[in-house]
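The same chain A turns up in both complexes below, where it pairs with chain B and then with chain C.
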Partner chain A sequence: MPAQTGGRGLLRYLPVLPSVLLLVVFLAGPVLWAFHASFTNAGLTGRNARSPQWIGLENYQRLLVDQVFPLSLGLTVLFVLGSAVVGQNLLGLALAVLMRRARRTVSAVVGTAVVAAWVLPEIVAAFAAYAYFSRDGTLNQLLGGLGLDQPDWLYSWPMAAVVLANIWRGTAFSMLVYRAALNDVPTEVSEAAQMDGAGGWQRLAFITLPMIRGSIATNLMLITLQTLAVFTLIWVMTAGGPANASTTLPILAYQEAFKFGDIGYGTAVATVLILIGGVFGAVYIRLLREAKP
Partner chain B sequence: MRRPALKTMSLIASALIVLTACTPAAPEDGSKTLKVVYQKTDSFTALETMFQAAKQEFEAANPGVAVELQPIQGNDDDYGTKLALALRSPSTAPDVFYEDTFKVRSDVDAGYLLKLDSHLEGWEDWSKFDDGAKAAGRADDGGTYAVPLGTDTRAIWYNRKVLEAAGISVPWQPRSWQDILDTARKIKANDPSVVPFNMYAGKGTGEGTVMQGFYELLYGTGSTLYDEETKKWVVGSAGFKDSLAFLKTLYDEGLAVTPAQALDANVWKKVFGEWFPKGKLGATVEGSYAPSFWQDGGSYEWPGYEQEMGVAPFPTQDGRAPGAVSMSGGWTLAIGAGTKEPDLAFSFLSTAMNRENSLAFTLDSSQIAVRSDVADDSGYQAGNPFVKDVSELVSVTRYRPATSDYPRISAAVQEATEAVITGAREPEQAAADYDAAVTDIVGGDNTVRK
Partner chain C sequence: MTAPVKASRAVPSVETRGRSRGRSRSSTPADVSLLLLGACFVLPLFWLVLASLDAEASHETRVPAQASLENFAAIMSPGLLFQPLWNSLVLSAGTATVTLAAAVLAAYPLSRYRSRFNSPFMYAVLFGTCLPVTAIMVPVYGLFVQLNLLDSMPATIFFMATTTLPMAIWMTKSFMDGVPLSLEEAAWVDGASRMTALRTIVLPLMRQGLGVVFIFVFIQAWGNFFVPFVLLLSEANQPAAVSIFSFFGQHGAVAYGQLAAFSILYSLPVLALYVIVARGAGSSFALSGAVRG
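Up next is the complex of A and B:
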């Protein structure tokens, strides 16, 4: 047997070669390029575009004294926790659990409505959300109809608006993941618990959730990474304003790199974003490992 | 069965990748292609029209040369970003492109633009271009890198009916900031549902905030943003604070739009498309191109706008000489430094900007002519009833200090206005924040206290 691993062993990796090549060229390449650029003063135009110089950690030192960066970091974490980890995740789980008990038609109607937001292209969803939350938008007309206050959401509550919009847009994914996971939970276990006198909440907390722990971790990882990278939705709704009140890291990186033409500094912000993604990812992978028996 | 199939598939895939990498991008049949990049939006198609005409004319005169038009859909900011990204690599850089005057200097520094001096020498039309406008295409080394298409100025556009209803005699000409406030207060007293006097502020409207707003104020105080003599940025100026204080008064008293509306990037659409035609706005500071939105074929067609609208120069703070302030920008055509066909590219550029095409473009986009033969044309003078007034402002106009630091400084100014109109900062504090930001951006050595 060991003799076979030589030539044929290498040949065995041939099928994955194209995908590895593509990953290197289109994923690792830009990431490495951005990482390299973050140590230079590369610019979009001007002298620094012609001959960028290696400036070491200067961009990162600038991050430490930047007034917007800490705010932006906090908003990014808030956005991810609020709209993905809590919002999409819990709402998705709740929908999945409820839909199992609902009538077929109800569950079909709800499912379609939720998935509709998800299949919309991001730019379309973003404009829909803008129209919904804007001063004379649908939400305020509804509130007005109920005789309630009509705040200017995008101006007074920009973060709340983008968090809600992202929940609306992304919940379908969590819902689908959890529906699939719940379908895999054997009914006998649940029924046995019911026989033993466990109520609905107890069955959910002690039987169902532990059994789908793996799906929870996978789902959390995917939606966290997706949400970290959300740009279009926020850009269209608030453009990061007012007064940077909704400037998450992707928005900040875009503004620095392209609006101010400071590619070096912009890529430094992007690198921090990658690091945050890495930290979240590592935590979830740990969860995932523990979830396996 | 499954694994061999997978293997075959992946082999085909790898082969395809290798093959596509080897395929030449363009057929090698001896024909030449010029790539032309420009901006096009739903409300701005004048360039598209001009380049289509130039393409036909040029291709007929140069058999074997194809002109490939590549319009970029987007606002000025996005267009600038996309163009700069394309210019970064020789394989994507266009041969001829539409270039903002205030990007010329930094793009020359970046090595993106071809020096045109030797070509311009042999072009007889060049002598017809206005000297002031020619300067817009000149870089620090004295060479000319871009040919101006047209220019613009800024003025106060006002609705005669709204002003008359408030008992103000038209034509209206404010002599000082105080005149503006007095008039605005009268309009508000007469009809509270009308926005009396709009001036853009905050980051939402971006460069519009400073070009159609803040700079008209600042340069009317005798202060400047940048000291051309010492090549340093001005900090600590009283004029800066006064300008912010004026904006504060305007917004605090409800004489302008609400802060929330001001921060909406789309507020200008309401100004042109909704408030002016419906008589819900007294006046605004806007560019000389304003009529292009209202004239036939514009995005907010408004028959009869000529009778209802009026235009007035923006006054200085207390009426000091020269009595009015305006800002100018404008766009040019330039040639990529890496073009393989510099002669053909210039030939296309001069075709696009010959008298006939220039005249059509100038009329179509409500530009201020930079060619004397276009300016003298009866069609130009009859093009819109305001062309004479806004052209006269060229004598008092200012250009932006277009260094590579400029976009960041402009953002700092926008931030200062935003802080003031939202009440986050008093004018004094906002000006101090701006000074700190500028010092941060250019370094203390490059600032001067005035």
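Up next is the complex of A and C:
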């Protein structure tokens, strides 16, 4: 009775239903809706909110000729490369490596400091970063104390400020990943290399890093996806300004949809962002599946 | 090739002693660089603490001329502090409860039955976490408008639960995989149904893991700014993450001291929860965090 077993088999999976329902209604649904709405002139208020018209590829054509979109795409790439791929990733690795050599108390204290910035609610971290980089904030007070120039960071160097702030906020994650990875590296291998005369840097480059390359790839994927979605930090610090100089894609999507009320165009931007996230997500899942035996 | 391996295995006690000696020798430069890096991470937090104690705080970092608890006293009112914190609590506890319930139900068949659907389902779920939530907010807002759910606490809770659900399913399943099947089989022999066995045998055994998932989701929901910012409109519903903007006066004046004091009181619960989890299940939390992204 294959049919009956099949029926029973499906019935056994009934408890999965609530999760599937939630995911379909609140995740898959909005993604499909975004895809659809990006082909319409849906608005936040007025006639276009009640009865949006199908306008085909018009929103996407607008993206191509828009002044802000290419800039915003470039700033997003800069933000992700600078603060995640280079900043959080390398600093996290450096911290993890240093912590293995330093005294236990020192690494515990510094670890707590790094994690604190990460555990704080994002809005609090954003305000702290805003105060830190503001014209007479802590950073400029320090620079002044050293007799250096004190630029108005949020105005003259908004991208530098948000990139640094995101490194401050997110490095703990990479640090934790690399600490766990380094702990799993068997000490024998490294010690054998030491006996063969390999120095600290050589051991790191030729032994340790190749052994944790799985963790490196996973970490890079995850921090890229996280950083791609950062909104609050930038919005509080610069609100995308001045003159769009720090408008990344999430900020642009928000502004177009909610500030200018152009839901159709805003969802077109959001769709691009979802597609970028989807590509990275697909690569990430491939990596995970290959890593599994 | 074999010699160093043999040597390192032959003398474990010497190895450990050698390592601890090497540790103290190389530790000073590592200690110093680590402390310098740690200082960079603490600096932005100084402002938060000092300003909260300074009745005349600005975004300058300075030791208050006279330390006072005036800022804390000023925000101790139902409208400013207690209502927003209560809203945060309802939102976070609700999100964590919904997430945990759905995740436990979903994890049970995925952990207990072998099927060729399991692995594609798990990866599809994981793919969901890769989509940038900030990009989904525009379509979700549209969805909420259509369904007339804007400013509804329950709807916001279900949406927030959905965004944390994929990771919760992964974590819960891996905790459940750790509970041996043989224990349930004994209960089935005694005539218990599968759901009874889940409730009376499996869940109590994975209590700690469930606690980790709950706290993990709670912390995320507590710190979430963007979702309630877009979906909850009325002041009476706003959680602390959003109500914090009330410290920005209407004419550009910012009550910095009160903002800092509020930030500290708002952050304390999640800092405490993080310490509980990090103490109780340090490694598993670090790992689950690693997958979460």
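The definition used in the following text is that the second predicted complex is superposed on the first by the 257 of 293 C-alpha atoms of A that agree within 3 Å, B and C clash if a C-alpha of one lies under 4 Å from a C-alpha of the other, contacts with A are read in each partner's own complex, and residues count from 1 in each chain.
Methods note: a residue touches a chain if its C-beta (ideal position, glycine included) is under 8 Å from a C-beta of that chain, and two chains touch if they have at least 3 such contacts.
This structure is a prediction, so every number in the text was calculated from the model and none was measured.
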{"item": "First (chain B), second (chain C), both or neither touched by A:234", "value": "neither"}
{"item": "Chain B versus chain C as contact partner of A:15, first or second or both or neither", "value": "both"}
{"item": "Partner contacting more residues of chain A (chain B vs chain C)", "value": "C"}
{"item": "First, second, both or neither for A:47, with chain B first and chain C second", "value": "first"}
{"item": "Which of chain B and chain C A:260 touches, first, second, both or neither", "value": "first"}
{"item": "Partner chain(s) touched by A:33 [first = chain B, second = chain C, both, neither]", "value": "second"}
{"item": "Partner chain(s) touched by A:63 [first = chain B, second = chain C, both, neither]", "value": "neither"}
{"item": "Doubly contacted chain A residues - partners chain C and chain B", "value": "14-19, 22, 49, 258"}
{"item": "Complex interface listing, chain A residues touching chain C", "value": "9, 12-20, 22-23, 25-31, 33-34, 37, 42, 49, 91, 94-95, 98-99, 101-103, 106-107, 109-110, 113-117, 119-124, 127-132, 134, 136-139, 141-142, 168, 171, 173, 176-177, 179-180, 187-188, 191-193, 195-196, 200, 218-219, 221-223, 225-226, 228-232, 249-250, 253-254, 257-258, 263, 266-267, 270-271, 273-274, 276-278, 280-282, 284-285, 288-289"}
{"item": "Chain A partner contacts - residues on chain C that touch it in the complex", "value": "4-5, 7-9, 15, 19, 23, 26-27, 30-31, 33-35, 37-48, 51, 58-61, 98, 101-103, 105-106, 108-110, 113, 115, 117, 121, 123, 125-143, 145, 158-159, 161-163, 165-166, 169, 219, 222-226, 230, 240-241, 244, 256, 259, 263, 266-267, 270-271, 274, 283, 286-287, 289-290, 292-293"}
{"item": "Footprint of chain B on chain A - complex, ascending", "value": "14-19, 21-22, 43-50, 135, 152, 154-156, 239, 241-243, 258-262"}
{"item": "Of chain B, residues touching chain A in the complex", "value": "6-7, 9-11, 13-14, 17, 77, 81, 84-85, 88, 103, 106-107, 109-112, 202-204, 259-261, 263-265, 403-404, 407-408, 411, 415, 418-419, 422, 424"}
